[in-house]
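Naming follows writing order (A, B, C and D), and every chain is counted from residue 1.
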Amino acid sequence: MNKPRAMRDELLENIWRAMDSNKEIFFVSADFGSPVLDRIRSDYPERFVNVGVAEQNLINVSAGLALEGFQVFAYAIAPFITMRCFEQIRVSLALLSEVRQMNVNLIGVGAGYSYVMSGPTHQCYEDITLMRSLPNFQIFSPADHKVAGLLFQHCVDHSGPKYLRLDAQVLPTIYEDAAPSLKKGFHVHQAGDTTCVMATGYMLHTALEIAASFRQQGIELGVIDLFDLARFDQTELIAELQEYTHLVTMEEGFHGRGGMDSLLFELIARHDLDLRMLNLGIDGKYRFELGSRVELHEKAGIGPVAAAKRISAFLER
Amino acid sequence: MREAARLAPGIHLPGDGFISFFGFGQFQGSGYSVVIANSINLSDKAHWVWRETLAIHRRAPETRIASSLSSIEIFVALYYGGILEFDPQEPFWDMRDRCVISKGHGSICMYPILAELGYFPRSELQRVCQTGSFLGGIPDPVIPGYETINGSLGHGLGVATGMALGLRRKKHPRSVFVVCGDGELHEGANWEAIMFATQHGLDNLHLIVDDNKTAMLDYTDNILSHQDLAARLEAFGWQTVRCDGHDTDALQTVLSQMKSTNSGQPKALLASTIKGRGVPGLENQPLAHILNPKRELLDSLLGDSSDE
Amino acid sequence: MNKPRAMRDELLENIWRAMDSNKEIFFVSADFGSPVLDRIRSDYPERFVNVGVAEQNLINVSAGLALEGFQVFAYAIAPFITMRCFEQIRVSLALLSEVRQMNVNLIGVGAGYSYVMSGPTHQCYEDITLMRSLPNFQIFSPADHKVAGLLFQHCVDHSGPKYLRLDAQVLPTIYEDAAPSLKKGFHVHQAGDTTCVMATGYMLHTALEIAASFRQQGIELGVIDLFDLARFDQTELIAELQEYTHLVTMEEGFHGRGGMDSLLFELIARHDLDLRMLNLGIDGKYRFELGSRVELHEKAGIGPVAAAKRISAFLER
Amino acid sequence: MREAARLAPGIHLPGDGFISFFGFGQFQGSGYSVVIANSINLSDKAHWVWRETLAIHRRAPETRIASSLSSIEIFVALYYGGILEFDPQEPFWDMRDRCVISKGHGSICMYPILAELGYFPRSELQRVCQTGSFLGGIPDPVIPGYETINGSLGHGLGVATGMALGLRRKKHPRSVFVVCGDGELHEGANWEAIMFATQHGLDNLHLIVDDNKTAMLDYTDNILSHQDLAARLEAFGWQTVRCDGHDTDALQTVLSQMKSTNSGQPKALLASTIKGRGVPGLENQPLAHILNPKRELLDSLLGDSSDE
């Protein structure tokens, strides 16, 4: 069960399992697959549709199905399901859901650099910003397949438009035993002395790795996984943050451009927290270099080594 | 009345009509369907709507008048011609036909229609575009009778195909109608939906193009011509028919035939219309879209009984 | 000359004037007009093209023209020219301009609530966030037609993709006599005691109105027009901000979602400025109410009365 | 050689060839055009490219092999068949024909072609998808020889129409070629560009569809069929022609005819191809897109002389 697997496979398997008894689930793909998807396609051909390489129609068809009462999962590569059809998402989901009840869940695969070899069109550094710009949207950015899998039940139980930002790679399992509370929207992995590292998605792995290495130097970093980027429990998160003087944010996306860091800026300002911030993310330019994900991360200054250095420097200031 | 309505000419119920499907949408018998007897003279009704629309525009010059005059007969045929099933008391009545008004900006003529049918009080017509009103320059589903968000062109057909597929999968007998502009069909998103509807044989989907051959800045042919739009839609696998979009009887006949034809193809009606119909200076004016007739012209067109 | 006029007319007139001698200018519209546009259409039919109601193609055609050496102005309604074709902008402008030289200037008309009667699809609260998410983009948000007009020369002189966020309404002239420095990217209208109000676009008018009313109560508010939202002179702006203890941001867009406020959060955190912030913008929901722009602003809490109250409360805290 | 190249069969220069237009792009005489004499055997060349492409894929399994095998002959005809003007020494030579490779993911076969033509050293082919290389899984214009950003489908044709319009307005004699996938044509953005090219009579625009009838998850017909794609394009005002997309001679003939026909219509060549051509298990496999042939299969296909 805890063998690492792709986030999408875990989520899709939960969807597939449920489709037998829950006749309201409809799965829509923009010509994007996975091994588990083949099961959905063959077992529920009446409630699976491939709209083709047509993300705009993916969203509008999903909206139409949702208006007819279906619980829709729409599936494509992350940059395309967020950016190619952004105004469809705005109009037919964010706006329309303010007036009519609808349940549409956008599953985007390929957070950050996860499509390492496919270059910047497939890499995705803007999606958190874009989806955060839209009212009424719930946004989830899990760090392992366990959380990705858990999201299924949440999607079915809660109406409204949602964006699920999944990694394309198979990442190590983080939540081996206990599941985090979806309601809270974040999970505290360890408490720290003065500094808390808040990470989302893949970057949680880097954060935990860095925290382990800091521990060997006698420094305890707090580590928090912020997997709900829209409706996490603010009061609880603020209570956590009040324990610290320094906050490091880590996201696999541009920093300073409306992503997770901007969410925390806002939170901190709103609640007059006295925290110094270091925001680790990708600098504002596109990169065409090739390399492993870790190599790309190191070059971008968010790899385990580069980020650890920057955090050390930050703490010494 | 309600039974009669449901069996009115032009209403086709496949099979035994009402079937039950999961959870929502079971036929509750709560609907009140205003499908109209033959006693209504559609062209008189259209003329009344025309006057009402001009009167609204006189009070609210922010509304797009030329666009809203070209689609009057289409909506009159749909709502008074026995084509659509609907219930003003329960706008989202599950047994309604879904009518998606994608060219929202050019549907101000729906305000008097919806008011008269009982979707909201007629007094609201006095407040169009005023503070506190829900009747704006571009209608949204905060107005009873509207299904989807409007204003941004090119979404209605895609959402409608999704609804049509959803109805089909639920084995729901009702149909989906979408009203688009011809300029609107420039948007590539429509062509994705057009391919999709063909692929899935959505013959419960009806596209009505308000084909006034004019977009915002010019005649559509001078901007981005559809050339022979029927031929294009047919090449994409649609059944198409053209008729005079200001002839309510022709529209009624064609729409009711369309609705009862189910041959596995989505259907399009190209309604040949005139933007700004009936208003001198707007008709055949390439910039009709953005022109507002002078107050005096409106007065003379309306006579003095305009604000009934 | 200083008679108020629509921003677009001033900008388009400058374009029209230049097209006679500058044969590299190409104007592309997505079926969107203005009186001055009619002159461009009739005088330069070879370098004007209406792509129709097709924003995606607007961007790609503009990119192609720019690759062939034209200086392109692309013109449409703000929410559509930014959101309907967002991924085209990302791929064919933001990304491509990192590798190839190109000069494309997106002119979006209808900032914020300026299309008051046309409802939320025409109103635009997300564009600053979206355009800020894209590297390589220059972003301008003028407060009057004088600055809008000045932007023309900048666009021609500087390559790269740019977004010009124009109001749809005719606003009073602010820069009656002296033009602000485009290079600096902001303009200090008045110095204040403890509090600085930073506004962009239409909100500058509100900020100045509020400052005038505060003055009568003996409080001097600093007022800064930040019209360049990407490449303003950071050092100079920081120097200005160091004079204050309180900063109020005012933008006609969502607050806390990656807009101008997020830009300032980042700036302040990066430079350890000791500033308390109040961020005035639109709360995260779509509104279907009708009313005058001022009425809508008052309801949204950013009108002159509502905003003044919130600023007073902020100063008293 | 350069003069000969410029006058090679299939190269059509309207008027007296080189005209001067504003500022940029004047003919500088600096180009080195590798348009090939009839001495090259195109089908041998294609076979060589096929082997090289498989060899690259063996080293870099991240590359999309099935997609890249279906377009080999198209690129061989374009680059070795005297169709395109280009200069490997000056990739953005103004007098080049513009070739936009919109189905970037399926153009790994361009790597050996570009290397052999001299755009970059052949040794780079050993490093595809390796750290520090510029030859990735999806090519971008950091690779000499590529015009536009790739990876996201459905942009190339629109950008190409803009280029074609730009060339036309500059009275520039060169042409634009775009290579798209058939699945890619689902994207509505293409249809906006298709209408646009017709409207502006862009007969300097050539669309080549690598029509392997397969997208990512299935045969295109099972996903979203183009039915008769030629009929659709013709209804949209394009001149179309179909040929065997693996027959280099047929491609050369058709492309050179296309290029020299200027009748005010944009032109499309539908090249009937096979995804994964020449690899057992990929050909006619609906999921060919995402399949990687086993290492042993690649070895046996390549023999042992594969890494030249």
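Here is the rule we use: a residue touches a chain if its C-beta (ideal position, glycine included) is under 8 Å from a C-beta of that chain, and two chains touch if they have at least 3 such contacts.
This is a predicted model, so every value here is computed, not measured.
Any chain that touches chain A and also touches chain B is listed here: C, D. Between the CA-based centres of chain C and chain D the separation comes to 40 Å, rounded to the whole angstrom.
Chain centres here are Cα averages; for chain A and chain D they lie 36 Å apart.
Annotation: 44 Å between the Cα-based centres of chain B and chain D.
Centre to centre, using the average C-alpha position, chain A and chain C are separated by 30 Å.
Annotation for chain D: residues touching 2 or more other chains are 140, 142, 149, 152, 186-189, 192, 195-196, 223-224.
The multi-chain contact residues of chain C, meaning those touching 2 or more other chains, are 51-52, 54, 56-57, 79-80, 84, 87, 91, 95, 99, 120-121, 288. With chains as nodes and touching pairs as edges, the resulting graph is complete, every pair of chains being joined.
If you check the complex, the residues on chain B that touch chain A are 22-25, 92, 140-142, 147-149, 152, 155, 157-167, 169-170, 172, 188-189, 192-193, 195-196, 200. Of all residues in chain B, only 186-192, 195-196, 198-199, 223-228, 231-232, 234-237 touch chain D in the complex they form. Contact residues of chain A toward chain C in the complex are 79-80, 83-84, 86-87, 90-91, 94-95, 98-99, 120-121, 126, 129-130, 132-136, 254-259, 261-263, 265-266, 269-270, 272, 276-277, 279, 284-286, 288. Across the complex, chain A meets chain B through its residues 23-24, 26, 46-47, 49, 51-52, 54, 56-57, 59-70, 87-88, 91-92, 95-96, 99-100.
On chain C, the positions that touch chain B within their shared complex are 29, 31-33, 37, 41, 50-54, 56-57, 79-80, 84, 117-122, 288-292, 295.
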